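Consider the two complexes below, in which chain A is the common component and chain B and chain C are the respective partners.
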Partner chain A sequence: MSTRPPKIMNYILLLPGLLVIAFFLVIPLLLTVVISFMQEFSFTNPIFTVENYIEFFTSPQTPTILANTFGMSLLASLVALLVGYPAAYFMTFRIKSIKTRNLIISLLLVPFLIDWNVRTIAWIPILGESGIVNYLLQYFNIVHQPVSLLFSRWTLIIIWLQSNLLFMIFPIYLALSRIDPDLINAARVLKSPPHRVFYEIIFKLSLPGVIVGLTFVFVNTLGDYITPSLWAGGIQVLGLSVANFAANFVWPYAATQSTVLILISLAVLVILFKIVDIKKLVE
Partner chain B sequence: MKIPDFLVKTYIAIIILIIYLPLVFVVLLSFKSGANISFPIERFTLDWYLKPPTGYEYAAYVSLFHDRQFFAALRNSFTVSIVVALMAMALVTITALAFRRRMAGRNFLFYLFLLGFLTPGVTVGLGVNFLFRLLNLPFSFWSAALINVIYVVPFGLILMMARFDPNLLFYEQAAAVLKAPPLMIFRRITLPLIIYEVISAAILGFLLSWGEVIRTQFAMKGIGTLSTFINTQLGVNPLTPKWYAAGTLISAVSFLGFLVFAYLLTRTVRQ
Partner chain C sequence: MAKVIEARKLAKRYKGAVEALREISFEVDENEFFIIMGPSGCGKSTLLRIIAGILDYDSGELYIKGEDMKNVPPHRRDVSMMLENFALFPHMTVYENIAFGLRMLGKDKDEIDREVRKMTRLLHIEGLEERMPNEISGGQRQRVALARALIIRPSVLLLDEPLSHVDYRLQRKFAEMLKEVHREIGGVFMLTTHDQEHGLSLADRMLIMNSGLVEQIGTPTEIYNDPQTLFAARFVGELNTFAGTVEEISPDAVWVKTEFGTFKARHPATENARDLVGRRVAYIVRPEHVRVSREDSGQDNRLSVYFNTYYYFGHFLELVFSADAQTRVKSVISANEPFTAKVGEQLTLTWPYTKATIVSKPSVVEGVDIEELIYGK
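Here is the complex of A and B:
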């Protein structure tokens, strides 16, 4: 058809984005993999070895680090899903006015403007030993000594929930609002019980959004080593270990751990994307 | 079985409360007298904002408006985030438009774009660090901005692609049949129909890069952006209400900036 712009035009439009991705993502990741097999970070006289991987997988700390890293991120994603799904559902099906919906979305966005660090230290006056929760507990004589609420794994989950909830709510909301209301009405007219309408139609059609939300939270928390190091009572996570070795200029070992981190997270994502085709969300 | 309205409202209120809880306490603590972060607050003061410095106190005790480094970092943050927002807006728009049609390698290219947020921050940061070391390139404003661009583009892309008007392609083809030049089609037909997604892409770019610490920390030099600056400060200095004052100021100013930015953008594009 002569009215359609030639296909080459599409590739030209993609070019600027691909260039940035090549330089700031693809080449850096490939380089990381190469360096992970080196003895020293030196390309003038490179010595290749698998020593780094042997060291990582035989280290007695590795199982704990891996369990912490992926366990906490997985838990954070599931908690965010449990809290976020009903919110997205109510916003789509129970709030009729578009204006109110947009207002709620804008309201959810505003706290993102607080600085990331400040958002983290904001929890000290809430959950700290002289924070408001402990103050109230003692005021009402529920406890007599301040209880340690900070620096536990659940604190980390709460903080991650607050900072990641929007990443969960938004894709689910997007998926839910694309469901044709006629499908739901048809099922109701045909006397399908409510739980089946929900599961067979609403939930199944919202799955791409659920998967995207889970992915957002999972990857975001996986890459965040600062919050766990500050708030989770010093639990070791893989990202923190990478940052520590990088800060001490032990480049190849940092690269090895970084490679393991991305390989395992990509494996998890491939499995998720195999279950549900997330491209349905954008087509 | 229908969930009663008041439960729905309560639930949404609780969600908003969770999201806002930190902000409320940041504002409260910023007016607290004394250096301890503790409850109850006995006396409120503006000291952490305004008190003139004596010249002998540690950085953590210098009031906010007299801290020059803080303002330098604030300016860096603004420029980085605005540049990220504009670049993300342009990239998201052209990329999303290109992805509408079937073409060889489309799926692969789409996932390649998604990789920007599918890769943990520390991995990207380390890799970019390696590349710059290898090529002997200095880190700059642009490296800090671009490392954020690849992180924010996927969000805008998903948002825009999910909301394309199904008839958009037909309208464009109709205009093309009537011999409208491509740029005119874009300005008069495509852009007005996707303008909210274009603006959302810019806003997302601004917000996400504004809060980014890990990627930015690996790809910047000097004082860095606000997030990286405060992160360094908190590592070496004691925690005082000053940082809560900083949080309050940042939220207030950037909220206003965010409104003005969105308003200007809507206006210029509509004309």
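Here is the complex of A and C:
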């Protein structure tokens, strides 16, 4: 065994990372909160007020925006779970060869080697009115006119699914592959039929992975306002609203919306992590 | 007596052509404490997993209480198992672990509660119910695993190396507990171990396994006194072995010529001595029958040796002598018996021919040479 470096060394190694996080994340976030309470954007002569928050929570648009924002992210997370869990399960329990498993993981990573813009535009030849899907639908006489597949909530879900699926599959795969096969055997000899082995042992022990996956997809999609603005057929989400107000230099109101977005996401995370002990995934 | 387990030519081959089981046949009677003993990797764990149904066999037949087990999933077998490493469910409390099997069988809460309480009392694990498996000691985990396997009252309880993974003192305690629990609850207990002491002391009958084959099946005394192969003889208890050739037989004795002289032995119980004349065999005698004698005691067998060293075990003393540079001969005497000798002192060892026998087969595994088995390891 090598000698452990002194404890102070650990902190010194952490320092550059901590400084970056402090300067580019923590301080800007605190500034955002401060600005959200300003009447006008001014650090030289600030007037603090809760007016922005009152306006936000009384605005007739707010319920729709919140429902869109969190609803779409939640839906995307659940769809990713429904698609990702079987995939992770298959990879863990049905593919015995490590080589094949690694190949699948590499294939899942391929989309991330492609530029975001290209990935986004690539949906047009697939889902567009003269795209592959419409062609096939007409070829098999399922529809007679090209249908609009590009601009709807489900388009958004499909595109989000494609860009987020790996973040769901990977933590679940990790959790599943850590399950001792003898726990499954023990349940089987203790008279569990297959579906109960799955629920009582496999699913329950993979919950940390499920929670991490849900968190990744939820947070990822919550912060993404460009994809919804491009593909979702004009639905309003909170991020987009923030961008609009910021673009028009209404900083305090944009900051208020940002703060609300962050607080609600934090609340969701706290609840999720209360359900499952996240340490179990990595210990 | 009714057969609870019947295995006929059970075979299993793992991918990569490792033969785990090579046509094993045996039967287990009702209420037997049946022990499968063998070195690690001999296939004993594979055999247990096949009986439990968590592993398929390639060929042969397996019957449990007369029912063919081919394609019967583990949850439809009247079998329970305590797995090696215990495999307690880490996300469940001790109570939930023990209750698991009954819950799967759809028993109601009151009955489960009653049975769990009975089990925790029987195995002395009361008060741990609300703990998690990682919050209890190794010895406690062992008993929780037993309680969990036992609570569904199976006709066959399989125990895969239940005595490993805890320290020696706990092993003995758990072994004694197992025997008492077996007497109280009954049913077939089928246990694997590589430890000869536990095997001999617990078993009603035992099966000695080697490289996926059966070396011998019998009661502990049968195997200890009348081994069929040298491997089986070596696996239970200490043994003095001399390679030799069968010279002569009489109706009650055989004479074997070894490099230390001609020794007399009784006929082997498991093979016909008449066929062995002129053959290379292993002459075997257990250390507890070998005595040190300074004067001519008129015994059948005499061997001149030098005192080498001794090991003190409290209640007995193991004396080690050298017959020549390579050959060690052991004698076990009671610690109360007076014994004094200087290292290197020349002494004479004697033993009665009725306590010595011969074995002609090194092992059921083919290609093992008897001389190699005697001198090799």
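To be clear about the criterion, the second predicted complex is superposed on the first by the 266 of 283 C-alpha atoms of A that agree within 3 Å, B and C clash if a C-alpha of one lies under 4 Å from a C-alpha of the other, contacts with A are read in each partner's own complex, and residues count from 1 in each chain.
The rule we apply is simple: a residue touches a chain if its C-beta (ideal position, glycine included) is under 8 Å from a C-beta of that chain, and two chains touch if they have at least 3 such contacts.
Keep in mind that what you see is a predicted model, and the values were worked out from it rather than measured.
Put simply, more of the residues of chain A are touched by B, taking chain B and chain C as the two choices.
Residue contacts after overlaying the shared chain place A:166 against chain B, while chain C stays out of touching range.
In the superposition on chain A, A:205 contacts chain C only, with no contact to chain B.
Touch criterion not met for A:68: it reaches neither chain B nor chain C. Once the two complexes are overlaid on the shared chain, A:174 sits against chain B while remaining clear of chain C.
By the touch criterion defined above, A:185 reaches chain C but does not reach chain B. Shared contact residues of chain A with chain B and chain C: 194. Residues of chain A touching chain B in their complex: 3-5, 7, 9-11, 13-14, 16-18, 20-21, 23-29, 31-32, 35, 41, 43, 83, 86-87, 90-91, 94-95, 104, 107-119, 121-126, 128, 130-132, 134-135, 161-162, 165-166, 169, 171, 174, 178, 194, 212, 215-216, 219, 222-226, 239, 242-243, 246, 251, 254-255, 258, 261-262, 265-266, 269, 279, 281-283. Those residues of chain A lying in contact with chain C across their complex are 180, 182-183, 185-194, 196, 200-201, 204-205. Against chain A, the residues of chain B that register as touching in their complex are 1, 3, 5, 8, 11-12, 15-16, 18-23, 25-26, 28-29, 36-40, 90-91, 94-95, 97-99, 101, 103, 107, 109-110, 112-113, 115-124, 126-131, 133-134, 146-147, 149-150, 153, 157-159, 161-163, 173, 176-177, 182, 203, 207-208, 210-214, 226-227, 230-231, 234, 239, 243-244, 246-247, 250-251, 254-255, 258. Contact residues of chain C toward chain A in the complex are 49, 52-54, 73-75, 77, 79-81, 83-85, 87-91, 100-101, 104-105, 148-149, 152, 158.
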